[in-house]
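The following blocks contain the structures, represented as structure tokens.
Each of the next two complexes has chain A plus one other chain: chain B in the first, chain C in the second.
So, the complex of A and B:
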């Protein structure tokens, strides 16, 4: 035993003179670190109630609950996460996964309450002392647990597409579709927003599992026009997709198209289990006016329920506005046929070139059939009614688009101005650029709208692509007067539009008369909205109906009018767009079934 | 290093004539004979390293037989993970070892990355190395306090636990958590280093070294410590293979094996690191070896701090973790914890959930078979010191 080993340990005594390390008042003297994972905070303004936090929590500490003051609205479930601190392990996985970044953690780590129940709390609902604390754990932009970038889709370049009407968007291949489908959070916020309430996460999950047949069946549960919708749906679902809060929303529309594109038409019946759908099993008949999306949707669901259905269509082909209002480069006609041919194969009869009100009366249909559904759409153009708008070289967009679809030649001018900022305005703009390119080898189309660029109702990609095709889009101007000289159009006078809607959100445009412009043109197209043609309703029938604001017929939630046998849907009731029509048709079909079984 | 010839146990021969009688190499212990007493050390006992217990049979003061009992801390983490998505595993695995959770985090993430074919960014590798080495340091600091306390020197435990807390402060800044860091996730790490971190860490390295010198003086140059630890729990080189002993326990018996050196992972290959071994194999040698490894850890941490690149990504792009499927396969990933080789075996069946996750930790062997062997003939007052000298971790045994 060495002496050193006996003496050396006594050196510990020097510690007696040292300052202790203990922090006397840790709560005040030592706050949690900048990045500390303490109690949760939730910014209710940002939170959309998607429930991804609930889904990811491996301790099942989170429940989504209704909270006072939070309403369910579009893109927001109105639910908020409630965290059970008896279960939470402060891993912050919920924070990392939150697509809106609303959920964060503070650096606060002490909390004393009398009631254990208080520890099941909804962050953000009541003001806690850490709610406004800056410090604490937040989702880092350096890490991504969710893929916020959309899989690009192959599109024709402007040079490849600006002279022809071939389809621009080429569709996903399997690998792309599966990758895109993988991005879905399955929050289902989209389902509530989709007018047809399609089971979007369901069919996306089926894509992920590569079970396309199941995906296809899911589509048909609520939407019998997947080829059409997969291309031109207004995709309200995508505007509310939780991912758009931190990146790009899922390409829901294109995934739908991917599903529909995978199933060859000859397999439709087999996949959807309608092979044995015999002749109508019920001895009731339904007449449908208009072979547009609303009419065909009602026809489809009635047919699979076993009704005999016949559609009367004024135009020579099916599709309604989908065919006669939407250019072929967006929606090729053979794709429309694919959806329609299947429905026709189920025994739905369509009689073309038959205008109800002229060739056959509605009263006649009423007496021949047990119920009637009408979805006649908005085929009439609306005029700005400014001076000069009665000139023969001023057209409605809807009329021109219909002529093009019918295969009739239109007299394109060299210099055209389009008035309007919606999707129809873009459709006609881009149709005219193609026709000008074919005729003159150059483009001179200018499109102007009341709405400024940021609030133009047209889809963003439509505006971008129109510009790529060399159309000039100059938004934010109100049309004042069309300059006419010797019966010929010289151009359009516009003044600056400073605001379109008033405080209450009503349409009430304000102008600054001092800012003016003159757009030269020798042809003008108006695309400021569409109207309905209800001339097929006789006075007697009209007297049995109720009309609401702007001349819309009033129907109940089942699209049944006051005349119990008459159901009405589609653009003349809601929309205008394809998916509302489909949804209306579906609901009406169910209501007709109930009505006829009474 | 100490000299085995000075051990008090050197010429020790158990008096097998008196107790216990052997039959076919097994002791016959008849409690009714009143020659033996059965006592329980643990599960609640300050001298036990966590919640496990020893059923000890003694004769006088000396242990004649002992059985290790576990089951007080079983949480079924391996099974739980079979019901968790891949991304949900990291908050679970850290709980497999309280003083040193990060090795688990690393292994489980690395296993997933291996199966999914993910390569993590350079900077994330460095941050992981830092995190792992800091975690080894934290665990050693806890151990040395335990070793001293097991001999009745409570003060050293207070110093090292205090110092460990300063390191936990750094962990808190780096990861957002003190004990369970939940820092490494598949694909990389969750946060970059906060501003001023490197400077703080370097200051703390100096502070820690100063403390280590105090410990050297009071603990290692201490006649009582030496008389109690030298010769206690000798692991022979043959036992290392026989029992599958790893880590400092094996290195103190001459086995040159350290996963960081023999199978370098993260950035260990780019660090200057030397194998530390001893040939003596008793508790004192193990303590000295660990003491040197604490210095080694401090040295590695400062090397790492100098080498972490300032810029760069910290995470590889993951697919949406809610639906993350890993291709079917199996892998074994290992790392060097303070207790030795720590490995995770993971099987994936191609679904969103791991099919099987299995932890091969050092503590199972060390706390059960090895301890049961070494404890025979040890005085009851030395049991705690022996256990701590094996640095066993019940939460890891049971997980």
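So, the complex of A and C:
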């Protein structure tokens, strides 16, 4: 035996004076590591209740439950995850997938409760001691389960597009569409925000499965104008997409367009199962006034339900504002025709160049038909009514856009000022830049709006693209007076607009008269809103209707007016945009069905 | 290190190399070359330690990827040797002759991925999953959720809501589905 072996037991004594390595109170004195996957936290301010955490959980440990104080609203289901700690394995997939980053884990890992039910809890609902703990597991920025970047859309460059009206956006190909569809979490938060409540996750899933025919059928369940909507929908759905909180929302509109573009028109009937629908099977008839989105949508759903439908349209072609208000570079006319021709093939009759109120009275329609739906839209311009606005070279944007669509020539001036900051103002601005390019080979259009750049109602990309096409956008000015000399326009005087809305959110612009500008022009276009032409309503009919404070006709939730046979929808009731019109037409068609079956 | 990689490259013409950090490299070699490269690195280049052996399931490619992580104590460099093997007939040569402790890794991979290492000691014995009757759980076609629901009963009182349906109920209940196409016989 060696000496060391004899002495070694005694060496323990030298440790006696050292601080012990064991922890006296391991519950209170031993925090988890910095990145520890401990108990969950959920930031209710950020959480939108999309349920992705529940979806990914491999232990079925998460339920989505209503929580007091959490409101169900657009972009937020109001539901919150409840986690059963009897099943959770702290793998943190729920944290990794959370698109808003609201769900995280603290480094707390001890919790003692008498009641097992307490371990099934909603993180963030009740104050837990770890809720404000900084440390713990958060979703890594480097490794993401979600792809936050949208698949780029090919668009014509400004040089390729600024002289003609050919379509700017080219649409996704199959590979791009499937890649974009892959990004969707299928939470369905967007459905509530879509005015037509389209089954968005449903058709995106069908794209991913490469089942385009099924995707097309899903579109037609709530929207019979997919070629139109796939191009120019206001896509409110994309503003509430779960991915929008941390990255780019799914390109829902472009995916819809992709579906519609894949099905050739001759296959519509076969795919949608409407091959033998030319003859109405019911002997009830419905008249529709206006072949715009609302009217066409109502006509489509009435036709498939077996009604005889006839549309009366004042203009020479279909589409309403979609054709006569939206320039062709955004929505080519043949695409409108594609949607419309299909509906016509279902036996819907249409009479163009027939203005109700002039060529045929509404009373006549009432006596000839069992019900009437009207969606006559907002085709009238609104004037600023400033001094000089009655000059012959002051135009309304809606009138000019209609003339261009009709193929009539416009007397384009070399130097034009547009007043307005909405999408219609951008449409006319960009139309005029093209016409100037064609006529003079250069662009001199200036567009000014009351709203400053940050609150301009136009879509951002419209403003950006208008500038790319060399239009000048100078927002934040109030029109004061149009300078006229010898009957000719010299230009527009403006003063700085400091605020557009008052504290209650009402339109009440304030100006700083000391900041002035003068925009030279020899032609001025007003695009400050549109009005409705209700001259086709006789006094007798008007007396049977109820009107709201701003002159809008009051209808019930089914778009039925106080005259039970008269249903009204589209821009004159809601919107203005295409998708509201489609939704109105859909609901009204079902309501007409209910009304006529009584 | 680059010198060494070039040297190996001349020897066996490997498919791909990656430098992830100054002290972490990966090379991908063919299945048949593994023994040669391991013995060379261990005996001639000082990579004397097998840090771990693990697998990744590339279901879509119908392959398993095996990574043999070696370590050189002198130059303090990790070198991962990657090998792809067929997923259907998942079998790989055992390396317990080079590193005795590797039998334990191989046993684990056999249990978790169903990869066989013929000749490896006790490779068929359960590692942690006694009495396992499903397909190996780390294979990506193993349905964890389904297994979890089947195996562990839910405590009473559970209920959940689909966000989209819940929002419909709360916000736009009146908006019913598309009307059905009516035909003559309807």
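As a working rule, the second predicted complex is superposed on the first by the 576 of 598 C-alpha atoms of A that agree within 3 Å, B and C clash if a C-alpha of one lies under 4 Å from a C-alpha of the other, contacts with A are read in each partner's own complex, and residues count from 1 in each chain.
As a convention for this text, contacts are C-beta pairs under 8 Å (C-beta built on N, C-alpha and C of every residue); 3 or more make two chains touch, one makes a residue touch a chain.
Everything numeric in this text was worked out from a predicted model, so none of it was measured.
Within the superposed three-chain model, A:557 lies in touch with chain C and out of touch with chain B [touch as defined at top].
In the superposition on chain A, A:274 contacts chain C only, with no contact to chain B.
After overlaying the two complexes on the shared chain, residue contacts for A:526 are found with neither chain B nor chain C. Contact with chain C, but none with chain B, is seen for A:220 once the two complexes are overlaid on the shared chain. Of the two partner chains, neither chain B nor chain C is touched by A:574.
With both structures placed on the common chain, the touch criterion links A:301 to chain C but leaves chain B unconnected.
In the superposed model, A:451 lies in contact with neither chain B nor chain C. By the touch criterion stated above, A:58 is placed in contact with chain B and with chain C alike. Within the superposed three-chain model, A:93 lies in touch with chain B and out of touch with chain C [touch as defined at top]. Put simply, chain A uses residues 58-59 to touch chain B in one complex and chain C in the other. Within the complex formed with chain B, the residues of chain A that make contact are 1-2, 4-6, 8-9, 11-12, 15, 21, 32-37, 52, 55-56, 58-59, 89-93, 96-97, 105, 137, 140, 142-147, 182-186, 208. Every residue of chain A that touches chain C in the complex is listed here, in rising order: 49-51, 54, 57-60, 62-66, 72-74, 77-79, 84, 86-87, 116-117, 120, 187-189, 191-192, 197, 201, 220-222, 273-274, 276-277, 281-282, 301, 304-306, 557, 583, 586-587, 589-590, 593. Contacts from chain C toward chain A in the complex involve residues 144-145, 148-149, 152, 154-155, 157-168, 170-172, 174-184, 186.
Across the complex, chain A is touched by residues 84-85, 87-92, 155, 159, 162, 165-166, 169, 172-177, 180, 182, 185, 187-188, 190-192, 194, 214, 217-219, 221-224, 226-227, 313-315, 317-323 of chain B.
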